[in-house]
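Chain IDs A, B, C and D follow the sequence of writing; residue 1 opens each chain.
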Amino acid sequence: MDTAAFSAWIREFARLVGQNKDYLTELDSAIGDADHGANMTRGLNAVVKMLDEEKPDTPSALLKRTGMTLVSTVGGASGPLYGTAFLRMAAAAGDAETLDDGTFAKMLRAGLDGVLARGKAQLGDKTMVDALTPAVDALDATLAAGMPFPDAMQAALRAGEEGRDATVPLVARKGRASYLGERSAGHQDPGATSVTMLLAAAATTLTA
Amino acid sequence: MDTAAFSAWIREFARLVGQNKDYLTELDSAIGDADHGANMTRGLNAVVKMLDEEKPDTPSALLKRTGMTLVSTVGGASGPLYGTAFLRMAAAAGDAETLDDGTFAKMLRAGLDGVLARGKAQLGDKTMVDALTPAVDALDATLAAGMPFPDAMQAALRAGEEGRDATVPLVARKGRASYLGERSAGHQDPGATSVTMLLAAAATTLTA
Amino acid sequence: MKKLINDPANVVSDALRGIAAAHPELRVDHENRIIFRGDAPVQGKVGLISGGGSGHEPLHGGFVGLGMLDAACAGEIFTSPVPDQMAAATKGVDGGAGVLHIVKNYTGDVMNFEMAGELAEAETGVQVATVVTNDDVAVEDSLYTAGRRGVGITVLLEKIAGAAAEERRPLAEVAEVARKVNANGRSMGLALTSCTVPAAGKPTFELSEAEMEVGIGIHGEPGRRRVPMAPANEIAEMLVSPILSDYDFTGGGGVIVFMNGMGATPLIELYVMYNEVANILGKAGIPIARSLVGPYITSLDMAGCSVTLLKADDEILRLWDAPVRTPGLRWGI
Amino acid sequence: MKKLINDPANVVSDALRGIAAAHPELRVDHENRIIFRGDAPVQGKVGLISGGGSGHEPLHGGFVGLGMLDAACAGEIFTSPVPDQMAAATKGVDGGAGVLHIVKNYTGDVMNFEMAGELAEAETGVQVATVVTNDDVAVEDSLYTAGRRGVGITVLLEKIAGAAAEERRPLAEVAEVARKVNANGRSMGLALTSCTVPAAGKPTFELSEAEMEVGIGIHGEPGRRRVPMAPANEIAEMLVSPILSDYDFTGGGGVIVFMNGMGATPLIELYVMYNEVANILGKAGIPIARSLVGPYITSLDMAGCSVTLLKADDEILRLWDAPVRTPGLRWGI
């Protein structure tokens, strides 16, 4: 995976989020403040513009500038969380011009660790962690079992989607949805939903 | 017509207005500020209470206290106008214990003159004047033609109702409806409508 | 109808109790529904009283205090107060220098204040002067009609005339200042939604999601015309153009711009609107001397706004800047 | 959706332009979306900055000025600002005595301010202290959740801490005063309607004519429970009871009562509510020392209200009464 691949990944993530902007906002209306779609779209539009203008020339530089741009343009909870995730991924990517599957998996876990460190959510708190954790675990496990990357990434996506779906019955303990108490149950978490778009984008762009 | 008859008249007027409170407010919503029903009901409830408590013992005293009570409790445009009308009627009633038909007619005209003096509206301005003027004219004319009072009062009521209906196509030039300009046309004037209730009450109570 | 009230019949008296509880520096006569300055009557000062239907808060009760009104009479919702109230207020604020009645030009208000003036002068001999505000350019100005409504300028007038009275100027001069403010001021308003009169229980008029009412007053009465929803810059144009066509605001000491909310319009929208109004005035070469942004003369829960422009001069600006201490407007003290 | 705006995407920047035009005594950094005191940084004074999502006006930008905030960062509607803004604001208000960050307890706000503090301290070495408000009793207070929201107390805290900073007290003491205010304050809110986020274009939640949401915050998020509409006295009970059960407001120097409107609630209703709240406090033997009634921390066009009680002492009252000069709160100057 080279810089071009990562660029394609981020652009595809932006495209998916933009396409689902209203859906994400709808989910955030039910248990939040109706802005997750707008927040992520604003941030990813800025990222795409940055990519067009700056054309970062290493995976690490690309991920770092993506994280910084998200931090500077998203705001809310998702800005620092996605931002931190990309900044940690950039650090994990190191100086390499191209990344192998294993490094990518480590990178994704570093991103998850960043989200955990920044947001202090635990698995089951009904947040983006609930989609990202099973996805990262699945990627590790399937690669360790020798599965080729495209299949492993598909497995990771499916695990993330299951994690996302599993947020529905949960009572939120972190983020804005936690204010609803028991009433947060029965709704899908918006952040977990946008995470599956990040995974889906990886599954389509990084498998080539 | 003695004090008891006048008391019955005012109470019947209060009953009719109370019954039509929402209707009067509805009319005032279309071309005014949605309070004519509430205003008149509040005032006439206070008048009925006053009658119960004070039991005024002459027609003039009764009319005067009615006028004063309306002035003190209605507010808006209709308070001073109805109030002045009753105060002028009281003056026209003089000291008599009972009034004859002719005095009643003069009294009603004095009330109309009071409304004109206070409100400075002209016939056709789409106000209560448009119902009161033809009614007073009809009462004078029919009594002059020798019609018995009950029939004359019926004629006055019909003339008032026609006057009320004739306010529908008019463009208002006085009162709150005038702010709508051409848009005031097509709606019946609330004040002209409550005037017909005053006339209807007279037709049922003062004919005995 | 969803309102934070107990009973439509008690809204005004309950609110007056709330005002009394929240503002111990004021004195509320609950029977007559009058809000007085705590120290009224102020000896040697012209007393300023105003009043009108309730539902326009903070106008008028929220403008009682040092540097503004001495008393305000609260009528029922959208219904002018009655002469007894105004007469009692007149007596209560008479500090020997006479009393100015500030009346918004509505048939009911004018007639009730008229009767109050007759009553007060007859009973006590206190000298009463009256100024009637009629700044609403949405309404045609004609001798044969009820004339223009008194709207936004009333707020600015109460502030400026109040400052003149605080300077211990005589009744004739205070009235003169007040008339000058009214003569130099113009307003225009617009509604996105109707308001709901508590006693009526439902909106006074229906307005679709796609339309707005232009040329409304402050009583939920329908406006002059219904037009499609438009962006803020076009709305500002609709409000400011008729004002500028009606009166020449160039020259002089610039204008005081009053961007008013109708009751249910959030402040962020008023600032968006203010920006557009400022742009238009900039292009028209009319400097802004002072500004006031917020809901100061409202129409219950109506969403919408009005713009008032007041052509200023040195005297008006000095009096505008003078200290004022009321629940609704306060500075310098 | 009917709003006085040009484009949902430009609401915040347009409003900031309006604020700049209406308040020449402030300085607006449009690029970073920061509203500064015109004279910032004030040498030797602790700088106070706050910020948060927009849509709560006058909070926070309307509270910038002498005796209150030195700067406010405006985020997108209901979205916390980003660290760059807060870091720029921190640098811009640093007069050598350090900077206090006032943060409402929301995950986004806390994380963004945290990152900003790291940035600012790393880049410039300016000393930053942070106080997080979390006064909303509708939310369970727990270590395992996001904790309570910061709502109404933020307004009182910004005033009181601002006055302490104006006295040139050191950062640690100003932060201490701020934490005391937060510790002694509790709030509870309720909505009659949802608000509509401009970018979403429709109400965040649907509420029937017969129901209200109890325990809402200030972001249009649904509340804790949905109950049938009730009269003002019962509503006051629903808001005040949980506050009084959560904290002992007796003893001390009485309370500051803050009756807040959510944006679309007319002032007359707030006074009706205030009266009921005052009655309840009277029965509970809790004297009212000061009060504030009006829309000061809003939720766009939401109808509803919140009550905040702050247990006062001599220091709090002295600082509350100290002069303040901002677009949203002003007295004594």
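Observations, loosely collected:
In this section, a residue touches a chain if its C-beta (ideal position, glycine included) is under 8 Å from a C-beta of that chain, and two chains touch if they have at least 3 such contacts.
Since we're looking at a predicted model, the values are computed, not measured.
Comparing mean CA positions across the assembly, the chain most remote from chain C is A.
No other pair of chains has as many C-beta pairs in contact as C-D. Centroid to centroid, with C-alpha atoms defining each point, chain B and chain C lie 32 Å apart.
For the pair chain A and chain B, the distance between mean C-alpha positions equals 75 Å. A straight line joining the Cα centres of chain B and chain D is 54 Å long.
If each chain is drawn as a node and touching chains are joined, the picture is a simple open line. Interface note: chains touch in the pairs A-D, B-C, C-D.
For chain D in complex with chain C, the residues that touch the partner chain are 1-7, 11-12, 14-19, 21-23, 54-55, 57-58, 62, 192-193, 209, 212, 229, 231-233, 235, 257, 259, 263-276, 278, 288, 291, 293, 295, 298, 300-301, 303-305, 325, 327, 330-333. Every residue of chain C that touches chain B in the complex is listed here, in rising order: 53, 75-84, 106-108, 111-112, 114-115, 138-140, 144-146, 149, 197, 199-200, 204-205, 217, 219-225. Note for the complex: chain A touches chain D at residues 25, 29-35, 37-39, 42, 71-81, 118-119, 173-176, 178-181, 183.
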